[in-house]
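Provided herewith is a single structure, encoded as structure tokens, for subsequent inquiry.
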Amino acid sequence: MQLLMFYIFSLGAVLSATLMVTNIKPVTAAMNLIMTMFFLAGLYVLLDAHLIAALQIIVYAGAIMVLFLFVILLLNIHEKEGETARRKVIIQFGSIAIVGSLFIAMAKLSAIDPLMIKAVDPAFGTTKSVGKLLYTDYLLPFEIASFLLLAAIVGAVILAKRRIDDSE
Amino acid sequence: MNEYIPVLIMLLLASATSIGMIVATTLIGPKKKFAEKMQPFECGENPIVSPKLRFSVKFYLFALFFVIFDIEAVFLYPWAVLFKELGMFGFVEMMVFLTILAIGLIYVWKRGALEWE
Amino acid sequence: MGMMRFGIPKRETVPAVNPTSPDDDTRLLGGSIILTKLEAINNWGRKYSFFQYPFVTACCGMEFMSVAGPKYDLDRFGAALPRFSPRQADLLMVVGTISHKQAPILVKVYNQMAEPKWVFAFGVCAVSGGFYDNYATVQGIDTLIPVDVYVPGCPPRPEMVIDGLIRLQQMVVEGKWSDFPKGASPVTNIE
Amino acid sequence: MVSLNSYLIVGAILFSIGAVGVFTRRNVLIIYMCIELMLNAVNLTFISFSKFLNDMNGHVFVFMIMTVAAAEAAVGLAIIISLFRNKATIYVDDINLSKG
Amino acid sequence: MVADLIESIVKILFIFGVNIGFFSPILGWVERKQSALMQDRVGANRADIFGYTLIGLFHPIADAIKVLTKEDFIPDGADRLIHTLAPFISLTPAIVAFAVIPFGGQYELFGHRVNLIIADLDVGLLFVFAFASLASFGAVLAGWSSNNNWSFLGGLRASAQMLSYEVVMGLNIIGVIMVYGTLRLSEIGAMQVNFFDWGIFLQPVGFVLFFTCAIAENKRAPFDVAEAESELVAGYFTEYSGLKFVMFWMGEFLEIVTIGGLVTTMFFGAWHLPFVSDQMLLNFFRFAGPNGAAILAILVNIITFFTKVIFFIWLQMTIRWTLPRFRYDQVMRLGWKMFLPIALINIFITGLVILVK
Amino acid sequence: MEANITTNKLSARFSDSIIETHSHRGDETLVVRKQDIQDICQFLRDDTELLYNFMMDLTAVDYLGQEPRFEVVYHLYSLAFNRRIRIKTRVSESDCSVDSIVSLWPSANWFEREVYDLYGITFKGHPELRRILLYEDFQGHPLRKDYPIKKRQPLIGPNC
Amino acid sequence: MSDTAKDLHSEYMVINMGPSHPVTHGTVKFLLTLEGETIIDMKVDIGYLHRGFEKMCENGTWEQVIPYTDRLNYVSPLINNVGYALAVEKLIGIEAPQRCQYIRVIASELARISDHYTNVAASGLELGAFTAFLYFVEARELIWDLIEMLCGARVTANYVRIGGLKNDLPDGFKTKSRDVFKRCRELWADVDKLLTKNRIFIDRVRNVGVMPPEDAIAWGFTGPCLRACGIPYDVRKFHPYLVYDQMDFEVPVGETGDNFDRYLVRMEEINQSMRIVEQALDKMPTGPVNVDMPEYRWQSKDDISNRIESMIFHFKTVTEGIKPPAGEIYSAVEGANGELGFYLVSDGSGKPYKCRVRPPCFPLTAAMPKMVRGSFIADIIPTFDMINMIGGECDR
Amino acid sequence: MADINIIHNYPKMGIPMGKLKPKRVRKNIELTLWERLYIFEIIRGMHITTIHFFLNLLGFIFPPKGKKRRIMTVYYPEEKLTLPVAYRGRPVLVMRENGTEKCVACGLCEKICPASAITIIAEEKENGERFPAAYTLDMARCVYCGYCEEVCPKEAIVMSAEYEGLARRNRQNLRFSKDKLLRPEKSVKDRIEYIRGIYAKCNY
């Protein structure tokens, strides 16, 4: 069961990632990336990382990708016609080669298992356990994160709003 | 992990329902295509510009605030769950965090980025 | 940039009726219509679910409000939901006078409606131009688009509108798949 | 039972696909998406190690990576917008910073 | 394992039946009928099957049949793939989101522990938000892909609005999480056995804000600026016809139910009757034997829960038909400048109160 | 009595340009020379004892067979003194134009366009003189007496 | 390249709002230039309901014009009837009998009530308050019952005649109007509670579409829109016609001239009009309702069948039309939207030589771009609703 | 503009302010803080609609005495309004007892009809009496103004109370010939009574 799920999710993730890289239209690429995020969230669930799985969807698929989508729509780039066909072939070949070779490696390597799962306690990956670490051991990074976010807001506002102020 | 299996089943069922609906409506309905029908509707007039144009950067700004505050909320969830255990320490800790972000909010507010105009 | 005239190429608007027949179009239906079960179910659904596109231009709009209003309540017939997007509408309610300036817009809206679609001429101006027999007014919308039900009156009483709607429902019930031919049948320009 | 290696390899594949994208694509936005994909691949690795070592620290790391990714996306995309304003292109070929 | 599977399939089918089979068609009828009664009208009442009209209950069926046989339509210049995908994205998360909402307590039934929730996730609330955030893609993509100016404006409005209210909604429920100390909705529900522990008493401000934000997130009036008929023709789904267009509506109706469920679970004692705990129910139904008592208690739970949900559906409909629409910038101002600070203050005060206690 | 104020003041100021005055059923009417219409209107609007601040109506009449053929009719109203006045000016078919008064009253804009549309009288100095009630392709001016009422124009297609 | 860069955040969207758009009632087209949601520029295109009113009038007899006037402002047809009849009477130089004048006052005020109901209801509808819309439609339905009782049609009344009325006040009108007004006041109170103090509604309409008084005058505003600016210009007070000088009513005025004031003025005018109707019904004198001049009116059926002169007059007036003396007049009444003026030119024949209507909402519509430029696309809706542009009147 | 000040100084301008009582409508509409909080006014609004809702619901479940329900909706095809006698339905020709029409084909209605909807072909009988050989009324054009009835010297055409059954699927079917227009005199008796009183008699 778990194996099946793993294969579905990982194959889905790899496939949509490939599609993302090869796609010409940025919007479709973004949609594919969202799919990748989704499958990754599935993998996180398999790894008992419940909170991270939910956050993966909320933060990556729901927030960051929305930002991407907005920028794509905002800039509304008209695709260059010349670039597309030739480049697409190269990218497709490149990624297929990588994926193929790595899959062979996977088939070989997965037989060897250097690390077996230790007994996982039931609280693993729950909100509480993550939180407990975050708000005690990682207190400083946590507080610094707020500065990071503040910097991001200020920086982005300055960058994005500058021209408006100039023109007004 | 087991508790996610029903979610998966539900997701599959829901997708099947949606896809089934889309397929059904594509197959069943009558089809009549001609140039004028395929034009986008614009109150009975011919469209003047294509909507594929750049829209205001304001929308981007809102999406950006959304991302930042979403992350903030994400930090708050584990904290809120743990709040009763963390006690005063956690409260102070989070208030520092929130204050710093509130500064950001105040900054964008004062900067007028939250104004629609 | 030339001027063009409209015509109605495909769908027959004016069925061949024996003009001497005293009781006009109820006879049209005849008794020989055989519907399949599926058609019957489908027609039943269509009958009670008209999403209308109110193409409201003039005085009749006032009565149109009344028909939708509490006293007459078109919603009882399942036809109260106005959709202002022609893609989602089934019933084009042409309410009021259509001037020459408005005519291309009406045709365009009609053309942009998704199949199956019906047209309801509301009030004498839409039916025949009414007493505006002059340079500015289209003499009946059936010179532009095919019309399914004509409701005269200036403006028609809400009861008349409901009458017309019931008549349209009857017509829908007796529709067949073959009445909606596949392929394009736009109202196009013919020289 | 799925082994750690399998997860790591999936992570590696995703990372390489991202890398291929970064090197081959010319659209800054898609390059950016590829970078996000690479970050995700790293996250996957973190989480799988965390699980197999039964150590929650990996989760906290992912948490932080997400924060950084969000902040980075916000600023990075703002830079792209800014760039687009000045250069009217988002194709890296056309962007020559030295020309100004 | 098998019993678990059977149990969850039964529950899924039940929720599917209730949501897709009952609520989503019936809400169309409720909306029409309720608005009719509010407006001194009668409302749809004439669709008949073999002469029975049943106060218009057949109208949704007629609508469904009509819509199914309506021409499907993709305009020229539209992105065909995304145009088709958008209704899918709007509808699917709306169906799934109900999975984590408990509609009853936990009971011992034939030696098997039955938990009346489809998926009792540790991150239940976050799950709902995750899927809600996905739904916002549906609107923006529908608007963008239609190649129509009105759709485009509607899609933009929808996206920015949904994003804003998602943030505020996320911050609003922090207070609830602080009070109950868990993200697991079944636990939140279970903690509201005591009448005065209901969320509405502990988090009154949170309730008002959450309910408002949820309506806004769902783009219902008075926040329906994205599909505002008088402004944007039909907003982001202007170019959708037939079933695809109805799928947006279904998504909306299902979200109404989900909102009702969430509000009930978080603020109105979930499946509990006031002053009645599950144990009291079991004791009350002792006469039916242990299994019978459990079944009866489950029924009472479900009925209680859905009655509350229906009340909130009614409330949402009343709001929708009473209030005029906001202007777009006012919607945004309300979210960012009013609700966001209030939500932050609410967190602060809740924290203080809990600490003092 | 009251009406005399307007007439008197105007005759004093623009003695040459007033062709005719009469008062039928209490409606004070002045027929003025076409060249001076803008000055007269400005005077009527700005003089503190007149203050005709409302441009109530502007229309034209086609006296087919007379020369000059058209009359452009202005109805002004003074809110402060509660007075009305009608100014008329005659326009011949050969020189079918009048000075525009849009600069004095913005409301005149559409009225003048309407007169242009329906009578074909052009207004010099009008910012945007195009058809208003009828469509661009319309031939002729329907309110002229020589336009037959039932003369139909071809319908305009949506795609042209 | 630098041009594109400059235009990044200001790529304008040019969009047709209308003619077939829910807010434009099918009769007007706004060509909007938008930056995001903000209106940079707006062009108004009217004429979609141009039905050749004047041409039709010039080709009909003086009486035949009356049905056409019904369809000018089709929300308040009776006022148009009254206005036209008064104009022709002024042209002829006659005055209708007292009772007729009272009934005309009642008729005009009922029409005004119905117009304001429709207007407030439609703006409610378009602002999303569907219930308020239907409450006022219900109230209007009651008023229309009265109108139907009075003149035999719901919308197109065709009631007033030159020199009089078609028929006298029907029996039981007074009692019925009392019942109707009672229910109407209830519904008025409901709508008032739903809208007037609702902050959502206020935010939508307040400080939107502001027209300062001086601009309003320059743009030729009249009626409720002018009064909303604080100028109490009302033809009923300034040039009292009929028996308005004997009625006790107030002229509601606003302060800032925004849409909220227009709404409030209209709401208050509904009340004032009801007051007028009640007073008129109380003071109603007895007497004839038609002038006693056979050459200017149609004959009663009794006269036609019993008196040969009547018969002759009848055939003459019907076939040739009544013949007012040559001349020209301008006569104004307070229409529901403002000053409704009729400029008539007679050449002494049975047909009007010229029948010009001064449409009150024509200048109002012309000022739309000024009122909404720089505001949001959503602001078009209350502004356009509150100027109450009626296609039939504006385009004629 | 210079004159604005004057406008605001109305009373000085000699305008009859005694009668003119401008009523400021806005002064009591300023919102208190309480009302600015949205929610309470929203609740008030919902209170109104809720009352309507429950009253109507109750009216359906327990109809008031003598009535079927509380709300004013007319269930049209089953239930019909009684219209006032003044109501102008579609025009009909009055038929005498013997089955002939009253009309003498004088042509006044044809002349006055603004829509030119009436076409009469007049003929004479042997006894010199005129009658309409064909009387066509184009219902697709009729605007129900009632002029035909008012001018008819013989009370031969009246506006009946009929308004139903006029919807057609074919515009040609809306041209009503004489046989469709004729109605027995009895059925329009009230209307004939009514039109006798519509114009007062002249006293000359």
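Just so it is clear, A, B, C, D, E, F, G and H label the chains in written order, and each chain counts residues from 1 on its own.
FYI, contacts are C-beta pairs under 8 Å (C-beta built on N, C-alpha and C of every residue); 3 or more make two chains touch, one makes a residue touch a chain.
The shown structure was predicted, so the numbers you read here are calculated from the model rather than taken from an experiment.
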Shared interface partners, meaning chains that touch chain C and chain G: B, E, F, H
Pair with more cross-chain C-beta pairs in contact, given C-H and B-G: C-H
Mean-CA-position distance for chain G and chain F (Å): 24
Whole-Å gap between the CA centroids of chain D and chain F: 72
Between chain C and chain F, centroid-to-centroid distance (C-alpha), Å: 43
Centre-of-Cα separation between chain D and chain B, whole angstrom: 21
For chain B, residues contacting two or more additional chains: 4, 29-32, 36-37, 39, 41-45, 47, 49, 51-55, 57, 59-60, 63-68, 70-72, 74-75, 77, 81-82, 116-117
Residues within chain D bordering two or more other chains: 66-67, 70-71, 73-74, 77-78, 81, 84-85
Residues of chain G whose C-beta touches two or more other chains: 8-10, 13, 15, 19-22, 37, 47, 50, 52, 55-56, 67-68, 131, 134, 138, 141, 156, 194, 198, 200, 217-218, 231, 238, 376, 395
Residues of chain F that touch chain G when the two form their complex: 24-25, 27, 29, 53-57, 59, 61-62, 73, 75, 79, 82, 84, 86, 105-107, 109-111, 114, 118, 131-135, 142-143, 145, 147, 149
In the complex with chain B, residue positions of chain D that touch it: 66-67, 70-71, 73-74, 77-78, 81
Contact set on chain C toward chain F in their complex: 1-6, 100-101, 103-105, 107-108, 111, 133-136, 138, 144, 189
Residue numbers on chain C that touch chain E, as the complex places them: 41-42, 44-49, 69-70, 73, 75-78, 80, 82-85, 87-88, 90, 114-116
Chain C-touching residues of chain F, taken from the complex the two chains share: 134-135, 137-138, 142, 147, 149-160
